[in-house]
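Below is a structure I'd like to ask you about.
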Amino acid sequence: MAGFDNREISMSVASHFFAPTRLRTASLMAGAALALVLSSVSVDAETLRWARVGDALTLDPHAQNEGPTHTLNHHIYETLVGRAIDGSLVPRLATDWYIDEADDTVWVFEIRQGVTFHEGQQLTAEDVAFSLDRARTTPSGMAALHAAVQEVTTDGDYTVRVRMAGPAPLYVQNLTNTFIMSREWAEQNAVETSQNFAAGEENYAVRNTNGTGPYRMVERDPEVRTVLRVFEDHWDDAPEVTEIIYTPITEAATRVAALLSGEVDLVQDVPVQDIARLEQTDGVRVVRGPENRNIFFSYDMTSEQLASASVDDNPFAKPEVREAMALAIDRDAIRQVVMRGESQPSAAPLPPFVNGWTEEMHAYGAPDQDRARALMAEAGYESGFSVDLHCPNDRYLNDEGICLALVGMLGQIGMDVNLVSQSRTLHFPLIENWETDFYLLGWGVPTFDSQYVFDFLVHSRGGAYGAFNGSRYSNPELDAKIEALATMTDLDARDALIAEIWDEVMEERIFLNVHNQVLAYAMRDGINLAVHPENQPRMTEVSFD
Amino acid sequence: MLAYILRRILQSVIVMLVVALVAFSLFRFVGDPVSTLVGQEVTIAERETLRDQLGLNDPFPMQFASFIARAAQADFGISYRLQQPVMELILARLPATLELALVSGLFAFFFGVTLGVYTALNRRGWTSSAIMTVSLIGVSLPTFLIGVLLIWVFAVELQWLPSFGRGEVVDLGWWRTGLLTPSGRASLVLPAITLGLYQLTLIMRLVRAEMLEVLRADYIKFARARGLSNRAVHFSHALKNTMVPVITITGLQLGSIIAFSIITETVFQWPGVGALFINSVRTVDVPVMAAYLMLIALIFVVINLIVDLLYFAIDPRLRIDRSAVRH
Amino acid sequence: MPRPGHSDAPSDQATAPQPSGTTQARPQDTLRRAWDSDLAYSFRTSPVALVSGVVALLIILAAVLAPWLAPQNPYSTRDLILMDGFTAPMQPSLLGNVYLLGTDDQGRDVLSAILYGARISLFVGFSAVLFAMVLGITLGLVAGYRGGWVDGLLMRIADVQLTFPSILLALLIFGIARGMIPPAYRETMAIWVLIVAIGLSDWVQYARVVRGATMVEKNKEYVQAARVIGVHPARILTRHILPNVMGPVLVIGTIGLALAIIAEATLSFLGVGVPPTTPSLGTLIRNGQSYLFSGEWWILAFPAAALLALALSVNLLGDWLRDALNPRLR
Amino acid sequence: MTEPLLSVRDLVVEFPTRRGTLRALDRVSFDIEEGEVLGMVGESGAGKSITGAAIIGLIEPPGRIAGGEIWLRGERIDTLPPERMRRIRGKRIGMVFQDPLTSLNPLFTVAEQIIETIRTHLDMGEREARERAIALLDQVGIPAARRRIDDYPHHFSGGMRQRVVIALALAAEPELVIADEPTTALDVSVQAQIIDVLKEMCASRGASVLLITHDMGVIAETADRVAVLYAGRMAEIGHVQGVIQNAEHPYTRGLMGSIPTLTQSADRLVQIPGAMPRLNAIPDGCAFNPRCPQVFNRCRVERPELLDRGNGRRVACWLYDEAGVSGPGETAGERTGSQDG
């Protein structure tokens, strides 16, 4: 959901400092690796029929900051930098990027030469500057990611300079979903700004595209069928897949049926319960991989009272209760039964590949109901209490199932939990508006750094901080430390501080983490595609045996 | 007759207005559009201006009036979700739904009438009893389950028919049809059956009941007494009289077929207005919901009129028996 | 469905002698008379009616007695053992427990879930039918008896009503209810919303039938007479007219019950049904169908079978009733 | 004596019901001569209409002819295969039903219905049939037949419709017309006209008529002979004048109450107490005995057969059994005697 992802990223701008050199080497290495992969592709015509649960909301590259939308647009448009499977940054339209030695508030991007748009225009710094400006001006959905940008200027045909409000070493991390369009084309079709609802009319870019990406859009019937064909003049090596037929299929059963009956080649959102069966089906293979997303519960541990509780104090405020819940949850059971083994149980609310993750925080003990009941008694709830649990039923893998499971487990220790599961469109506002006592949330870390988690979930709410801190947790010292992270230059010290903060967070039990979500793609035999940590697979990376 | 039609048209307008009111009130009841429109970082002030722009701050009657005015011009604004003109979205998907509804309607009508007549004529035969009993299964299982089972058997296990979508489509002007391509026709089979089964049972029982009634009528006895052949009696006299109410009700069914396609379209990922609607319900895309309701109402009203005219056509007595509209 | 052998007895033909009601049973043995009555006779002699009657009765009994019959209370989350999830029928689970019909994804005993589910489905079904009946009959009587503009108005409303097929109406009511009911109460309200939604979309049939019959009856001498001697209309309606329309109403009701049960299932498929923590048959099926391809057939098969058995038997009963009473209605 | 056009012998019609079988007709015998009009009277449920239905072979199942024979011009017709019988219907035996409003299919024009009938039975082309149809309507007294023939039934008044029905019944020149209560559903003012039309049409074609009615008045004016049915049994049969002047069966006498003629004095307007028994509760002996003013023991035990009273009059009543109080043997004799009467 759009608004949501907005918020995920919007904070990473005013962020801490990486040495540019380190960035560059990293990117170059990854670039080399990528080149290696691509060089090994054959070039016979191949059509790939690709099905997933939903469609891109729009093809306007800047209107919506939403996963499925970006996933499709990544095939038509291109960004300055891309993110590799391992999460590292790789060159795309920018061959190189660095912070100006002279002025650490300025980012410099070297633009790739000889890149042409689908309609033939040559890519120049002008187009990049225009696109960045378009992306950062409302009503663009990407604006938040560029909030710190003050001015975008060009320096010759192939250099772009972006002036920030202050040092913003992580800014480049925000560019992995900001697409570059042709200024000329945009002006011709009066789409200098992205979609504007209030204007009450559709803009040309919603259904028409002109990118530099590896595929051209040849047919688009929203929510029905989108056909992409390979763009011959693309700057990079030609992908094996020469035609993509993208069809959203909402019903899980139908989606799986389509693959089983050979009507589609690739299903991106595989219902976990069907993975086993699909693996056994000959002609079908399933690939898995951890997603950059953790699923956890959190609760109002601060208010005097709970809106939905049967008791007139706040049980979640009591450490014993939070510990009891931690002892009651059986992560392995959830993994085994609800997730069919398709998850990485963890006590830590962040994925392993995010900076700050440690084995210790990951580890979780076996459930101990007797101890849990004892703790409930200590806290003064021998007879238990009842409370509402809010849960989305259409956002994460088996989200409702996970909640039901927890309801059962908490039931065992005397908590009578009333489950309210509803569409994400209704669920997330509850957290934003502090209207829920107890809720399920999934969190991705697009910057691959712990600070992003702290900013949104731990820092007390206010200003740019704590938008999704539904626990109402507020700890000035911790807030100070979190804010400190942004300006620290000594990485070791920074990592130490991160660890320190994590210790506190885990100690306080702000989160009742369930697991790190695992993605599975199912495809026809002979197709090779790895799971993308942000669930944004690129068909350019598909290879056929 | 003219007067009658005028009266009906007037009634239709009233019906449309009522539906319009319901559709419009959706905007008020179902969540706050603004919050679904914009992201978190949009300030209160910005939200307010957006409200004004969307006219959400005007008094209710004013909003309703402008809603009607725009609706009259088939302008329902932009879909919150797909950011396209709602009417365009609906028109683009209408052919799919209409083709589905029509085909399953014909399927239901043809088999319904045939089986109905058969079971009426030899109502003591065990085959009739079997047909009558089996037909009830069609109404004793939820549509979506029947759909999923059909997919399982014919698409997954047997791999005879496609499990989703419309197959290859051909554009005739703005009308996108799947009837002209083999794959399009193949794709139509399962959804059409799923959607038609319920109506089939309904029509069949209706025809049977009507037929039995008619066969008891004096003019049938008299026809026999005149020595007319059974064929003449059954298929000329009895059937024609049977069809009068049947056509009325079947016609009205077409309206609910279109509505029920919501389920079928969801199960078969059929790109029609039904699927569009349910997706809109899930994501609170109010403009689409409102437009859809108006559309259904319009279709129903039109069908209603046509049926009445049809009634004029077949029933020389011009006796419009509204109570024949048992639904 | 097979028609009771005698149902075409001369009673249908004006010319033929009337066999019915010929038993001059003495008042005291009303039971015997009931047994002798045409209805009871045709029931006794119609195998289909008998079988479906028994089946329906069994299911209803099982549902009512669920708390005593069910091995487990599927609503009490304390009793759920997640680790027992996806246990096949009659197979020992990971924890060694054996379930007659297996367990679902929550480790819920399918048999218990069905029993309790049928309970909810039937509750929704009956309540919805009752709601529709009361509404429909009342409006029908009023429309038919008063006539004039009242009648006109009510029948127009009925027309508008028909504009909204049940499913759509239900979705609408849900949409609106969701907007108006605070989140905390949504789950608890859901079932009532469901009942109102289904009931509202069904009242027209009753109204139409009752109205028609009322119009006929009200001109009969005895009603006129009652009027003349100043009997209160309400009394006339209930005492004199209502009994005459009970037959048709009963038939609509029976078939309406089946429809309501199916509607409930459909709505929960569309995601506007009862909450997952208190599953109805519909919710169970919706949940089960996602395991159609994953091999846990029992999660779908048994609830579906139960629903089919219930709806089918009720439908067959309705059919039989329709033929036995041979009312003029579709 | 010449062979009768129609001869019904010991006709028995039964309706099996769950409470045993009902005898709607019980050993009814009568003849209809060439060109003769036989009236048939009796209360509703006495079996008049069923007699008509039986003759034309249209008894609704599960009712069935359980015994006896029906002869049309020496051909036995009650056992004919359905298809053969169908060709006799309309062609040789025409029928006029009680209610003209419901006897005509509302969705077909009069022309369509007549022409269809004509062409079913006579080898004629469309146009020829149409001309004939117009002629028929003309004869039955439909004004401007040529114009109105293409109207739908609902365009005609009740009386006019019955005329159309008559035209239909006679469309194929049948030898026998069964008129089942042809006037009861009609407005009194037109009843006489319809009867006249029926009479003329049949007379002019020499067709015989079985006129079924409960209205003795109509019988008196129309019929040559009259048969009185009671509870599915023949009570009395004879020439109309005879029967009216001096009815012999007590039930017939009672019936006479329904003909208003000057010759009668008040005391003859007998009212019969009680009602005809239900068919499943017919008393032993004479079906009429519970209501009979002159009942005596024998009536309660023995069923009276038709006794020949001379000049075509036959009565089923023990009052006229010369043997008086007789034993079973004699009655058996009576029975056999009475049959070949």
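Labels for the chains are A, B, C and D, by order of writing; each one numbers its residues from 1.
Throughout what follows, contacts are C-beta pairs under 8 Å (C-beta built on N, C-alpha and C of every residue); 3 or more make two chains touch, one makes a residue touch a chain.
Nothing here was measured: the structure is a model prediction, and the numbers come from that model.
Asker: Taking each chain's centre as the average of its Cα atoms, which chain lies closest to the overall Cα centroid?
Answerer: Ranked by how close its C-alpha centre lies to the overall one, first comes B.
Asker: Quick check: more C-beta contact pairs at B-D or at B-C?
Answerer: If we tally the contacting C-beta pairs, B-C comes out ahead.
Asker: Once you find the CA centre of subunit C and the CA centre of subunit D, what distance in Å lies between them?
Answerer: Distance between chain centres: 51 Å.
Asker: On a C-alpha centroid basis, what's the spacing between subunit A and subunit D, in Å?
Answerer: 93
Asker: Roughly how far is subunit B from subunit D, going centre to centre by Cα mean, in whole Å?
Answerer: Once rounded, the distance between the two centres reads 54 Å.
Asker: Using mean C-alpha positions as chain centres, tell me how far subunit B is from subunit C in Å, no decimals.
Answerer: The mean C-alpha positions of subunit B and subunit C differ by 24 Å.
Asker: Could you say which residues in subunit C touch two or more other chains, in rising order?
Answerer: 12-13, 178, 271, 289, 292-293, in rising order.
Asker: Where does subunit D touch two or more other chains at once, residue-wise?
Answerer: Where subunit D is concerned, no single residue meets two or more other chains.
Asker: Listing for subunit B: what residues touch at least two other chains?
Answerer: Counting only residues that touch two or more other chains, subunit B contributes 31, 148, 152, 156, 266, 282.
Asker: Taking the complex as given, what residues does subunit B use to touch subunit C?
Answerer: Subunit B residues touching subunit C: 11, 14-15, 18-19, 22, 25-26, 28-31, 123-124, 126, 129, 132-133, 136-137, 139-145, 148, 152, 156, 205-206, 209-210, 213, 216, 245, 249, 252, 255-256, 259-260, 262-263, 266, 278, 281-282, 289, 293, 296-297, 300-301, 304, 322-323, 325-327.
Asker: List the residues on subunit C that touch subunit B in their complex, please.
Answerer: So the residues of subunit C in touch with subunit B come to 1-3, 12-13, 48, 155-156, 159-160, 162-165, 167-168, 171-172, 175-176, 178-180, 204-205, 208-209, 212, 258-259, 262, 265-266, 269-271, 282, 285-286, 289, 292-293, 304, 307-308, 311-312, 315-316, 319, 328-330.
Asker: Where on subunit A does subunit B make contact in their complex?
Answerer: Result: residues 2-3, 6-7, 10, 57-58, 60, 63, 65, 138-139, 141, 143-144, 195, 197-198, 200-202, 206-207, 221-225, 247-251, 253-254, 257-258, 260-263, 394, 423, 425-426, 429, 432, 467 of subunit A touch subunit B.
Asker: Under the touch definition given earlier, write down the residues of subunit C that touch subunit A in their complex.
Answerer: 76-78, 80-83, 85-86, 105-107, 178, 183-184, 186-187, 271, 275-277, 289-296
Asker: Okay, in this complex, where on subunit B does subunit A touch?
Answerer: Residues of subunit B touching subunit A: 31, 35-42, 46, 49-50, 53-54, 77-78, 80-85, 88-89, 92, 148, 151-152, 155-156, 159, 162-165, 266-269, 271, 275-276, 279, 282-284.
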